[in-house]
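What follows is a set of structures for review.
There are two complexes below, and they share subunit A, which is joined by subunit B in the first and by subunit C in the second.
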Partner chain A sequence: MRTALILLRKDLRLELRTLETVPAMVLFAVVTFVIFHFGLNRDTIDGQLAAGVLTATLLFASMLAINRLFVAEREQGGFDAFLLAPVDRSAMLLAKAAALFLFMVALEVIAVPAFGLFLLGPSLGPPLPGLILVLVLADLGLAVIGTLVSAIAVHTRARDLIGPIIGLPLLIPALIATARAAGPLLRTVDPASAPPGKWVAILALYDLVFALLAYAVFDFLLED
Partner chain B sequence: MRVAPGTTLAVLGRNGAGKSTLLRILATLLRPHEGDVLVFGEPLPRRAFNVRARLGLLAHEPLLYRELSGRENLEYHAGLHGVRRGRVQEVLEAVGMERRAGDPVRLLSRGMVQRLAVCRAVLHEPELLLLDEPRANLDPAASELVEPLIGRQSGATRVLTSHDPGSALAEADLVLALKDGRPAFIGPPEQLGESQLRDLYA
Partner chain C sequence: MPSTTYGKGLRGLSLATILTIGLALVLVFFYAPLDANQGFVQKIFYIHVPLAIVSLCGFVFGALMAVGYLRTGERKWDMRSYVAIHMALIFGIGGLITGSIWAKASWGHWWVWNEPTLVSFLIVLLLFATYQPLRFSIEDPERQSRYASVFSIVAGAFVPLNFIAVRLSTQYVHPRVLTLTGGNLPASMGLTFVISLIGITLLYTTLWKYEMTAKNARSQVRRLRRTLLGEDSVSPMRRSAAPS
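Up next, the complex of A and B:
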């Protein structure tokens, strides 16, 4: 855990220094909402459509972070330096997943209110607690899978292509569960007070399965 | 071949002969395709974890983050190696980098970056130093500064490569000459004849 915190602190420091990832994600998400606003030719959306638009936008924005997650390690010798240290390899999985999770949270702190402002019909206030729960679960799954995919893609020449090609199909179940869990919260008429338990459970199970899978295979991705 | 503790092995050979690859294998970063490699008596890569704390690698790449300062980089590495507080300042002063330690690495000259790379490699006081062209980019004054850390005075067992066979031979107790990835000569430097040396770089 101590090693993971050292790695996480370094990653956050690098992001604060360069501002390469989170601002790009935020800009992408906001522009996408504006495009949906005009593309759908609707002032407001709600229910399942709103949940789908929000989830898909956040998912695509996350690809920007996933593509860049290991770039500094690859290009500046971070992998070698880490592998030379007498530390547990899984600390890097934990740290990178935590960094990606925090990038997603930072994105959502700006993007979700922007979504409420540009597109969402009903007020964002009442569904917010339920939406936060759903997004946190979605972010956990995305952080784990994103880290795994990024660790694979960074060793390839076409990493910007490989990330989405591998990552998006793996994230489809999370996309479905997130959208289905958030949909009833965002209805204008008869909104649900809490997300449907079935979809929340599926999302949590999905997170758990991929966390275990990532823990099992991550060491091999770091070796030569 | 065996390298005795506290001695220096010079690895010679043309570009692409396999010098850096050998160093990366010894550093546990690459798996050997054949043969047995033991470091501190531990077989690699099976027992790699046991030797990592005891070796330091100075590679072609400095293994430093360009956007972080020299001090931030060294503190990061000190954290990974569990190095005592105060050691970072100690090595920075040793290579004369304490005044520029707060600057991002991307703003430093190659020589300064190489001095920081030396700091990183010796931060945890390794018993085995793997030095790939250790004096690359260093002027004579800087070379003198890093000498106590990576030279014979360091007391560490050293495996070094150099583009200049003369200086490498002067430091060596044992020489391994590589040609096309295979050993062409193993022995003390005085037994390596002029013609063999010429043939090696032909």
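Up next, the complex of A and C:
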């Protein structure tokens, strides 16, 4: 646990000093909203369409972070140093997943209000608590699967390609659940006050299963 | 590994496969009744459903073999997992194409989105289609096996989860012929279906075994050539997605 905290602090400090990943993700997300505005030719969207646009944008923006997650470790020999240290290897999974989770939260803190400003028809205020719950659950799943995929992809030759092509299909069920849970919240007419329990439960279950799975297999990705 | 074990039982297995598939075809065309609504085209069901089921089971089988590799570190497990997934992919593409033909014939569209089984199958196939590119882009053979095993375990566990998520998200159109409550097939159709399923399963097993035998025999030949004729006689392996 302490190891994970130290690793996480290192990642966050690295991000704060270089400001490489999160600003890029934010820009990417905002540009994607503009693209959706022209692509759909709509000034405002609501309901399931809005939920889908938001989820897809966040998912694609997360790919940027997933691609970069282990790059410093690989290029600067961080993997070797970590393997030499007498620490539990799962700490790496925990630290990286936490870092990815925080990156996603930082992205959403800016991107979700931007979405409300640019595209969303109904006001962002009332659905916000429900939306936060859904997005936190989605980020958890994304953090776990993203870390796993990134750890697989970073040692391949075509890592920028392998990461997304493995990651996106793996995340489709999470995307379905997130979009379906957020859809009723964002309706203009008769918005739901809470996200549908069925989809929140599926999302939580998906997070749990992949967290356990990642914990079980992650060690094998670090051996050398 | 003594060379005599190669291809053991392969002849019997091949014969059983040919006989069962032959029997299944005879039953499909001469015994099973015509479907009242869909007529003759419904007979593709006897190929499509077994292909899809066997392909999904093949993916899960590949995942189990991959667990074997991570536990033991022996390359034969990785080879088994690779061949299982690669065969399941071929069967899966067959299942997708036959499913598409059936959908066109009975619903009028080549592709139907509100059809959970079809959509989840496509997602699973898209995920497993990355298996070969992943292997191919890792050069170190040991790392290739290890990473591919991790991938197949994660992807194998993904198969049922994905089916649950997609099924819940759509309304049913697909005929629920195989339900836990006993289904609604007449006995003659049920028998034909079971024979077809056994036939396709045997086909999968036979092809899996053939490929395993071929790969084992090839590496054995290379090993023998290297010992008898020296290192230079064997050309270096081309980089490949397959374990060697």
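As a working rule, the second predicted complex is superposed on the first by the 224 of 224 C-alpha atoms of A that agree within 3 Å, B and C clash if a C-alpha of one lies under 4 Å from a C-alpha of the other, contacts with A are read in each partner's own complex, and residues count from 1 in each chain.
Convention: a contact is a pair of C-beta atoms (placed from the backbone, for glycine too) under 8 Å apart; a residue touches a chain by one contact, two chains touch by 3 or more.
Computed from a predicted structure; not experimentally measured.
Looking at the superposition, the partner that touches the larger set of subunit A residues, subunit B or subunit C, turns out to be C.
Once the two complexes are overlaid on the shared chain, A:I132 sits clear of subunit B and of subunit C alike. Look at A:R157: by the touch rule set out above, it reaches subunit C but stays clear of subunit B.
With both structures placed on the common chain, the touch criterion links A:V31 to neither subunit B nor subunit C. Once chain A of one complex is fitted onto chain A of the other, the partner contacts of A:L40 are absent, as it touches neither subunit B nor subunit C. Residue contacts after overlaying the shared chain place A:L170 against subunit C, while subunit B stays out of touching range.
In the superposed model, A:G78 makes contact with subunit B only, not with subunit C. Legend: residue contacts after superposition of the two complexes on their common chain; A:I6 is shown touching subunit B, with no touch to subunit C. Residues 223 of subunit A contact both subunit B in one complex and subunit C in the other.
Contacts from subunit A toward subunit B in the complex involve residues 2-3, 6, 10, 13-14, 17-18, 72, 76-78, 80-87, 223-224. For subunit A in complex with subunit C, the touching residues are 148, 152, 155-159, 161-162, 165-166, 169-170, 172-173, 176-177, 180, 198, 202, 206, 209-210, 213-214, 217, 220-221, 223. Subunit C makes touch with subunit A in their complex at residues 70, 123-124, 126-127, 130, 133-134, 137-139, 143, 146-147, 149-151, 153-155, 157-158, 161-162, 164-166, 168-169. Of all the residues in subunit B, the ones that touch subunit A in their complex are 27-31, 49, 52-53, 55, 57, 59, 61-68, 72, 76-77, 79-81, 104, 120.
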